[in-house]
Structures are given as structure tokens and as C-alpha cells.
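Step one of this worksheet: look at the structure below.
Each chain carries a letter (A, B, C and D) given by its place in the written order, and its residues are counted from 1.
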């Protein structure tokens, strides 16, 4: 029995064995298919025609996923730990919407959350390259969170003030119906998205808008600079430290010994 | 008495004591709330319903802020220095609009300036990380002001000329009603905002527009490059040092001998 | 005979001899002209007038290219190898559309594929600078494929989820007619293109949109950072080396001693 | 007489003397004013009112500039050299339009070219910082011309092909009236400008458009990366060279002597 359980565990949770890999690949395909089905269902003329088929397929997949979810809970050693884990929650959220759709119409659209299950592909692909790339990216973003936080904080204050001023300049008759809406416009402009659903029509407004655009144009340089610097990483903080022996500078912050002559160097206090 | 004064000072101006911290946090919340209220007030259907409540709340907060402002002046040692300080001015500007609204309708919208008071959060958070991040960003931007200035100067000349040419090509019948408006269009295009409120309709105009877009697309690389280089920093500000022998500049920060003539050069103090 | 063949080979395939160069230059001009003709043909009022001339010119050029293609096959040593080569396929695709146009109307538009033949200009220009530039760019992009792949994978999941949420928030009455369409909107917004053909009109929708824009604004920093880091290159691919003593990786390319334990490390061959 | 000539020369051509500086500053102001006047003249309701005044002012300034231009020719040593110089040509082009306006209506708009005369402000400001910044920017852009050239060449081929495909997919009924227009759309999209004057309405078209946007979103990373790398400059090509004495690497391409120990190093062949 427990051997069967192990077999299942190997197949469902691991991806080393052939069976496990196959399972994961099939799973990914089913996920993509189900997401595709939901999308098609939302397209009226398609739904009108194939509604019945889509509904059946949708329920079929949901039931499979539900069973899979239950099996996972049964076979896993620490059931609760899995349930509360990132993947555990996603696996659950991947089936709930369909059941919800019995109560709330349109609820089933939320099953697209299933797409998050694809994060498992990384495990399938087992491409250390890709996970490495992912990690280093995450690392770069994470270590630049402070700078980006500050940046966003200023952007926030900026758009609030700009939005208000535009609201006063353009006024309701020109589409700037309220301050929140004007702030929305400010964001649309500062980020250079520029829908054009709202756009200044007074000379003053257009002048201010021009300044905002140029600002947005220059401001975008900031996050880019931050992230780039982080990705290039080591190279931007390591030239204040000098080796006492060979006087070589360009050491990394975490350097304890000189990379040139191997003699110890006194670590600098991090700024 | 003076002890009371000190107590107040500690609470209002400092953020080390528990009381001081609490005060600052409450203050921030009140600021956010008041800003939110002004926004809501500008939304017609909300204002229609809760106008009375919003007005009262607005006045209530303003009076609190006014009292706070007065207290600050009383308890601070150098009253005038505070009044003329950055925060002093903001604190004043945070209350004026409401009083102005008695005279000018809509004036109260300007109280969103209060949001600038949030800059104090940095003091509250006391997160050296964040203030460090802020400083280094400011530093990067500040030290690249010359380059960015030159860049903006050229962008300015560019849009003026492009705008005029487009005005001549497209003309008033195609929405390019005047040169200033055409310059506005040029900025909208060059910054890749592209509202679409004005867009070329003649073949020639669209051809020129295409060139402008490609230019804008390439030009954005410049500020980004500048700021990035500044953030990475140390690696490029190596041209203030000049070799005493061959007068060659562009030496690296860690250069001990001139790379051109091999003669020793006195290291510069890092700026 | 074979001498004649060689002569032809020299002219058509090589670009060292004067004849060969001239041939390639003329070829490029003819290509550009033919592409231009197709474009003009698609412009109604022009086609209405010069249709006859355009058709003739089009067929004339096509026949020339066909003959050239046949000659290439005849004179080249390994005919099949050429036919299946990149340029061989392009050369073929450059003539097919016109013949197809006999069957399918409008098919001839595809002859613009001829423009790909211009890739040969690199061979003509023989500007090692340009090909070098091209290579280094390609190299940078290629070596950052993993990161960019991961990046696009996340962007893909992001737009699917955002699109669905917006579909639920805005709904069909506001132009978000289906999930695919909403995903299209999400891409339009995240990439800061912002056509404005679809744009949120509910407060909630606009709020979410704002977040998406800010995200897109920050996210663009990622590919830029990746590519920039790759172009700057050498400075970040320093983590393949591992210290034999403490197994610390992330050494600089020029590291001789481990910065962690000070023990010597064998330099890696640069990749 | 010649002394008077020298005096004039000093005032008009140089900016070291007080007189010269004052002259240049006044000149800059007059330029800005005249440009402003032309702009205002193009604004209908303003022109309707002040047409007479604007015309007079315009002619007044033009005559002043003409006289200045003539004086410059008289007093300069090598008249012809000045006339054919960059500034000489601009100075001439700054007056011609007004005279042209006698023949062609609207021609006077071109006087905005005068704005180019402002380039002289660099000479006025005499801020070595700014001119240095300008130079280093120009240098960065210039040295990356090859890469940017290649980049634009590919973008060109890309938009031509994309445009054509979209023309076939969407067709005239959806606003993609001709291939050139579709190429225009492709550029508007790829550069993330997105006017929205033309936008795909078929599912296939929107799908392709999405891909184009993502591409444009990723492609923008390339010029940014190029320019950034160029601005950071020296640091991306200088780690193949190693000092024979102290084995220090990280030399610049133009280094002849080791910056660490001053011993000669054999220059590497540039790639």
C-alpha cells in the first residue's frame, strides 16, 4: 500500500523519474488547454456555438484537478504543510472558481489562475540555466527594492500633485472630471502610455502636459538605471577598499582576502 | 513650563521617543485621510451625497493642522528658521488652501500639497536603507544634471523645429492648428506618449512622424544611459585627473602611473 | 566553359572583384526598387493610375530574379546546399509571391520579403565595423536569451491574469468584450503603447490600469538592464569559477586568490 | 579704423570681454523673442488681433539680424570661411525665411530655425562642464553609430515586413489602407507611441500586434544598452590586456603604460 503511495508520490510530486516527468508535462498541457477554453468561452460568438462542449470540458478538467488535489493531500507526508504551501494554495485556487460559477455567473473566468501552476514548468524543464536566470533577476530586483520603493513613493506624490493641478487647469468640461481621474491621466501620461481617452485641450494644460511627458521620459531612466546597476551588480560598490599589501582596489563588498595577493583586507562598513 | 515646552518639542519635532513616533504616524495617517477627502470631494456624485460631511471633516483637519503649525512655531527655538525651512513652508501651504476656499471656489483642491508633508515619513521610518537609497538616487541625478541639461536643451530645439515643420506640412485642416500645438504634438510623439488627439494624416506628415518616433525611440536611450552610468558611478568619473608630464586626462580612479607616458600622477581626492 | 562558370560565380557569389561588387550593388538597388513598387501598388490612387506600369515592372524584376536564382543553382558547386541555405530560401521566396499572385489576388504583397535579401549588403559593405557591431549585438542578445525568456514567461502569465481581472471588472459593456481582447488590452498597456481603442471607464478599472502602467513602467527596466549588462558583458559573467578550498563562487575574472578564504584559485579560460 | 573693426570683432565674435558677453546674451534673448513671436503669429485668434504688431516686430528683428550678418562678414578675417561655417549658414538661414515670406505665404514660420543660433549659448555660458557633458554625450553616440546603424537597419526591415503582413491580415476595411500606411502603423506600435488612429480590429491582427508590442518593448533595450555601454565606455573593452610587470589587468584600450606600476604594456589590436 505504502509502496503504491510512494509510487504515486514519485509520479505526482517528483520529476526525476520518467513517469513523473510525463505526468508533469501532461499536467502543463491540460492547464494550458483549460486556460484556453476559458478564454474561448468568453468570446461571445464562440460561446454561442460551443457553449455545451466548453462547459463539459471545463467541468471534466476541474474534476480531474480536484481528484489530483485530493490525491496530493493524501499521499504527501505533511498534508497541512502542502495545503498551506504556495503550490498547495494555487492548486486549490485552480479548481474553486468552477464550483463558484454554480453560484456566481462569470466566476469561472477566474480559473485562468491555473496558469500560475505553470510555474512548475521550471521544475519540469530542470534547466538550471533558466532557474539561475530567474534567480539572478529576482535577486537584482529584490536588492533594488529600496531604491525602487523610494522611486515609486516620489512618483506617487508627483502624480497626485500633477493630477490636482491639471484638474484645476482643465476642469470638468475638458474631461478631467475629478481629481482621481486627473491622477489617472497623470499616470497614463507619465508612464508614456497615453491612451488619449483624456487629453488636455487648453493651452496651459497642454503646456503642463508637455512638461509631465518630458519628465516621464527622463524619469523612466531611473528604474532602468537602478535595475541595470543591480544586474551589473558587484561592480558599482567595490572601489573604496584597497588591499594593504598590493594596494589593489576593485574588491567586492564581501571580500575578506585580496583577490590579487591573497592577503587579508579589512572589510569596509556597508553604506 | 519650559519642561512642558520641551516635552512638546520632543513629541512634535523628534521621532526617537515613543510619543514622538506615535505622533508622526498619526500625523501621516491624518494627512493621507485629508488628501483622500479632497479627492472624493472632487468626485461629483460623492460630493453630491456627502458634501456636508466632507466640508466638516476638511475644516476639522485644517484647524488641527493650523494649531499644530502654531504650536511648532511657539515651541521651536529659532521660530523664523523653521518658518522659512522647507518643512515650515509646506506645513503652512498645507493649511492655507482651505482658508482660501472661502474666497476662491475650488481652491481647497490645493490642499493635496499636504501630501508633501509625507516626506516626513522618511524620518519616521528611520530606515537608513531608504534614505540611503534616496540619497544615492538624488546624487546620481544631481551629478548627471549637466548631461541631462544639455540633453533637454537639444530635445527642446528639436521639438520646436519638428513642430514647425509639421505645422507647415499638415497645416490647420489636419489638426495642427498652430506651431505651439504642433510642438505639443512633437513632444507627445517624441516621448512615445502618443495620445492620438492630434496625428498626421498626410503621407509626408506620417513619414516625418515615423522618423520622429524612431528618433524618440533611440533618444530615450540617452537619459537612461546617463543615469545608469551615474548610478554605476565610480566607473566613469575618471577624467578630472591630468598627468603632470603629458597632460593626458581620462585616467582611472585607481591609476598610479600615467597610462600614456608612464610618469607618476598624484591621485585625486574622490568627489 | 567552366572558366565562364567561375567568372559568373565570382560575379554573383563573391564581392571582392569589381564586377562582383557592382553586381551586388545593382542587385540591392533593384531589390529596393521592387519593394518600393509593391508599396506603391498598394496605394489605391497610385495603383489606379499606374497599375499597368507597376504590373509590368513587377513581372520584369521577378523574371530577372528567377533567372538569377536559376543561374545561382547552376553555377554553385553544391546546388542543394545553396538551395537549403538561408540565402537560398530567401532568394526563392523573393520570386514565388509574384507567381502566386496569378492564383491568389494580393499575394504579390509578400514580395516585400525580398527586403531580406538586403542582408547581403553587409557582405557588400564589407565593413568589418558593422558586421562586428552586428555580431556583438547578436551575441549580447543571444547570451541573455535565458533571462529574456524567463522575463517574457512572467510577462505572459501577468497579462493573462491582468486581462482576465479587467474583463471581470470592466465587462463587455465597456469594450472589454472577451478575455483574449482584455489580454490584448493588458499588453497594449503594459508595453506603454496605449492605443486607446480600449480603455477602462470604471473607477476600479482605471485604478487597476494605473497599477499595470506603473508596473509596465518599472518592468521595462528589466530587459533593458539585462541587455545592457550583456553588452557591457565581461563584468558580470564571473560566477563560473569556484574556490577549491571554500567552494565560494562569484569570483571576478581577474581573481587570483579567493576573496573568502585567501587560497589560490586556478583562473578560468575566458568564454 | 581697423581698431574699430577689432572692437566690433571682439564684441560680436568673442565672449570674453564684458561687451562681448553682453552682446551674446542680448542676442540670445532677441532670438528667443523672435521665435516666440513666430509661434504666436501661428495662433489664429492671437494673429487676428496683433497681426500688425507681430509683422512689424518680425521685420524689425530680421533687419537687425541681417545687419548683424553683414557686419560679421565685413569684420571677420576670412569672410568666406565664416559664410560656409556651421554658424555662418545658420545665421543666414535665420533671416532668409522672412524675406521668402514676401514670395511664399507662411514661409516665415521657418524662422524658428533661428533657434539653432542658441547653440551659441554654450559659448556664452562658457561652462566647461556643459560643453564637456555635450562632448562626452556626442562621443558616446558617435562611437555607437555602427551598432545603432545596424539596429536601425534591422528595425527598418522589421517594420516593412510587419507592415505588409498586417496589411494583408487587416486590409483596407480596417484602416490599413496601404502598405506604407501599415508600415507607419508598425512604427507607431513598435516605438510604443500608439496613437490609436489606426489599430487592429481582427483577432489575428490583434494577436500579431501583441507580438509586435512585446518585441518593441524588448527591442528598446538594445539602443539603451548600446548607449549606456558607450557612456560607461572604457570599461567594456579593457580586460584582455595584462601588464607584463604587475599582471594588473583592466587597462584602457589606449593605455601604453601600466597605470599601476608604470611599466610599458604591449597594446592590443583593436577589434
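We take it that contacts are C-beta pairs under 8 Å (C-beta built on N, C-alpha and C of every residue); 3 or more make two chains touch, one makes a residue touch a chain.
If you're wondering where the values come from, they're calculated on a predicted model, not measured in any experiment.
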Third chains touching both chain C and chain B: A, D
Taking each chain's C-alpha mean as its centre, the one farthest from chain D: A
Copies chain D and chain B - interface residue numbers shared by over half, same or different: different
For chain A paired with chain D, centre-to-centre distance based on mean C-alpha positions, whole Å: 38
Centre-to-centre distance between chain D and chain C (centres being mean Cα positions), rounded to whole Å: 28
Residues of chain C touching at least two other chains: 180, 183, 192-196, 220, 224, 226, 228, 232, 235, 254
Touching residues (chain side chain B, partner chain A) in the complex: 35, 38-39, 42-44, 106, 109-110, 112-113, 115-116, 118-119, 127, 129-130, 132-134, 136-137, 140-141, 148, 152, 155, 180-181, 183-184, 187-188, 190-197, 220, 223-224, 226-228, 230-235, 253-254, 256, 270
Of chain A, residues touching chain B in the complex: 146-147, 149-151, 157, 160-161, 164, 167-168, 172, 177-180, 183, 189, 192-196, 199, 201, 203, 206-207, 209-210, 213-214, 216-218, 220-222, 224-226, 228-229, 232, 235-236, 239-240, 247, 249-250, 271
Chain B residues touching chain C - in the complex, by the definition given at the top: 192-196, 224, 228
